[in-house]
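Structure record follows, encoded as structure tokens.
Note that the chains take the letters A, B, C and D in the order they are written out, and that residue 1 is the start of every chain.
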Amino acid sequence: MRFGWLEYIIQGIIVLSLIEFALETLPDLSVKQIRMLRYFETGSISIFTVEYVLRILLSRPPKKYSFSFFGLIDLLAILPFYLSLGVDLRSLRAFRLLRLFRILKLARYSHAVQRFHRAFIIAREELLLFGATACIVLYLAAVGIYYCEHAAQPDKFRSIFDSLWWAVATLTTVGYGDIYPITGWGKLFTFVILIVGLGIIAVPTGLVASALSKARQEQEKEASPDRDVG
Amino acid sequence: MRFGWLEYIIQGIIVLSLIEFALETLPDLSVKQIRMLRYFETGSISIFTVEYVLRILLSRPPKKYSFSFFGLIDLLAILPFYLSLGVDLRSLRAFRLLRLFRILKLARYSHAVQRFHRAFIIAREELLLFGATACIVLYLAAVGIYYCEHAAQPDKFRSIFDSLWWAVATLTTVGYGDIYPITGWGKLFTFVILIVGLGIIAVPTGLVASALSKARQEQEKEASPDRDVG
Amino acid sequence: MRFGWLEYIIQGIIVLSLIEFALETLPDLSVKQIRMLRYFETGSISIFTVEYVLRILLSRPPKKYSFSFFGLIDLLAILPFYLSLGVDLRSLRAFRLLRLFRILKLARYSHAVQRFHRAFIIAREELLLFGATACIVLYLAAVGIYYCEHAAQPDKFRSIFDSLWWAVATLTTVGYGDIYPITGWGKLFTFVILIVGLGIIAVPTGLVASALSKARQEQEKEASPDRDVG
Amino acid sequence: MRFGWLEYIIQGIIVLSLIEFALETLPDLSVKQIRMLRYFETGSISIFTVEYVLRILLSRPPKKYSFSFFGLIDLLAILPFYLSLGVDLRSLRAFRLLRLFRILKLARYSHAVQRFHRAFIIAREELLLFGATACIVLYLAAVGIYYCEHAAQPDKFRSIFDSLWWAVATLTTVGYGDIYPITGWGKLFTFVILIVGLGIIAVPTGLVASALSKARQEQEKEASPDRDVG
């Protein structure tokens, strides 16, 4: 609590360093811009390293922090940078993704992660149940559309795996428009599977929402145990 | 319960055999890969057959299982394979789909099916009521857009059946983009029907969700009849 | 109640006659098929006429039915046919749409209409409030995207009315793909307006759902006034 | 209350003047039509000016209104017009947008704004929490699809910013179809991120809805403090 403002600074640097990660992928960067991004990267890693070393030194039982969950996260957030100094530049690409571990550093300050975790525990069984049901609906939708459309569009609905892609894009109502039925039977099947499937696919989303609201009630109950929460 | 691990194995084989079903539809399989899929198919059917025979032998009143719902499902899951051995290869394609009956074997282990069944019974009347209402909204949307767009796009909105396809894709918000209004009146009509229709189409989905939560409460009530569940 | 089976027959004929209405719009009908559709149309109108005449004769105060809501609906459902006999065939197209009035005949048997009516009364004020808010959000979205995209795509985002079409298709998440932003600012604006707008557009849909559930509770309360419904 | 009908007229003129704002952007207006729109604009501004002057004169402590929130809004709604008379026509375009401030004049009469304000205060912390979580999910989705698709479609998924646009269009289920994965890994990743992400993106929308219903309950409680609202 005493170092509250420090935590905000660390969080700010994490967010900036995620933006820097995205900026690096821009195709037409000048040499000057690349150099500036490198400088920022080196600077942010230095700060994370100082933070890591301080946390190790300050943790009361000295080894407690370094083997804790967040200790490992903090290590993983800086390790890729130092490893990349030792190896040649070709394999840098693979290391880049490892740098994303620093997004987990944000979890330390986030109550959302904690609440999602609780909500997941509350609704775990049901999520698995209806998640599996949703997968079966997607599978049946894919098989059905494959038999309706394969003959008419052999290049689009080549196999059940292409049909699965259609099923995912359709039943989540994304509907990119890269693949869609053109035969009468295919369209009729789409209509039926949408009517039946939307309700089933919507169930897990609803479960997450209701479990999150239960998780909040539990947290409020713990915060004020004498008050009765309906 | 004693054979819990056996049930998990059977379930695993069912899932694998559904994946094998999808793999078979891949267009560019080598002869070797096709042979391997055949081997796996034969192996899984053998296991299902052994399971079927054992279940017949072990059921206390000998004929109870073989004429039960799951007995018939288990028979339907293996029958297509044996029938396909007797007939020539041309009609195999029709038999392939029959193999999907084994997906129903999963229902034996699934609480989700039971809960959907209960939820359907709870909300049956309302589902029919609002399902029919949704169909009428789709029909009116199709007629309306047909009169707005048929003159401008006679090749896309050829008849009310093409317009129905548009209505389904639009009111479920899938929106593939293969068919959409281009006239001012058509766009205005789409706007109005979306504002009115989204609320009506969303009702059945909400009914499924709320009936499922009621079904769970009922199951919990039965599990602990002395506790009062609000 | 005594004529329950008759009502189902009438309903069935209404549904069949709506399908016939759609079939007539098919572009490549043979002369024979058109004649069959005409025969069915004449037959169904005859039945509706008999029903109308019987209802007039049987209604206790003789004029009560003919001036009631459903009496007018029943008249409007058959009138277009008889009017079309007197005029020449050119104006038939306009009369076709009048035939859709028979869809309102279904309302007589529908509890859904009644419940939607009640739900609308319950949530009327809020629906107007948030319906207007949704319209303002759509307007602001259209103005914003117009200023972002007009310069880059003058043929797609020609005026704010084209932008409104984009706003409707985007904020209802239909997303046909006929019109979308291509500039960086346009994409950023779309992101912001989606985050803010989805919540606001979703409110009226949620209001309909919750008002419908209230309407059902009221109906249940009336059916069993001594029982206390929480 | 005495001037209730006057308020409706002012509101009507505001709405008409917003429509006029949209009409001005139509590309093929005749000189006559442009002149008519100008006349209407001048007329509506005159009415707003009269309203502004009257409100200033009638407010009891004379300066209370002119420095209040709505006083400033009313000034901003007419100022752009008078400023545009003094400057040359080139910079008119920038002033046009300023004219949109008159949309805020509608807020005076709107209970929806008040309720959204309350709902925002109720759910502020949670909205920020899950809004941030949604942003992180969008970011991770963008990074993931970039690494899956950049090699296959370097012109579509040029950088993580293009991928972010894909993530926004996909996870809100808009799905324009201008950018979508074509590789197997990209499609698999889309499937996973949709299953996980839809639940998370849906949370803020649900929060807005539940906070709005709480805000209404609070308002009703205040209106009838003796009645107990559960």
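We adopt the following convention: contacts are C-beta pairs under 8 Å (C-beta built on N, C-alpha and C of every residue); 3 or more make two chains touch, one makes a residue touch a chain.
Since the structure is predicted, the reported quantities are computational estimates derived from the model, not experimental observations.
Copies chain A and chain B of the same chain sequence form an interface built mainly from non-equivalent positions, shared numbers / all numbers used being under half.
A repeat of the B-C interface exists among A-C, B-D or C-D; more than half of the contact pairs are identical by residue number at C-D. Centre-to-centre, using mean CA coordinates, chain A is 28 Å away from chain B. Spacing of chain B relative to chain D, judged by their CA centroids, is 40 angstrom. Residue positions of chain B touching 2 or more other chains: 161, 164, 173-177.
On the chain B side of its complex with chain D, the touching residues are 173, 175-177. If you check the complex, the residues on chain C that touch chain D are 126, 129-130, 132-133, 136, 139-140, 142-143, 146-147, 150, 154, 158-161, 164, 170, 173-177, 180, 182, 184, 187, 190-191, 194-195, 198-200, 202-203, 206, 210. The touching residues of chain C, when paired with chain B in their complex, are 18, 21-22, 25-27, 97, 100, 103, 106, 110-113, 115-116, 131, 134, 161, 164-165, 168-169, 172-178, 204-205, 207-209, 212-213, 216, 230.
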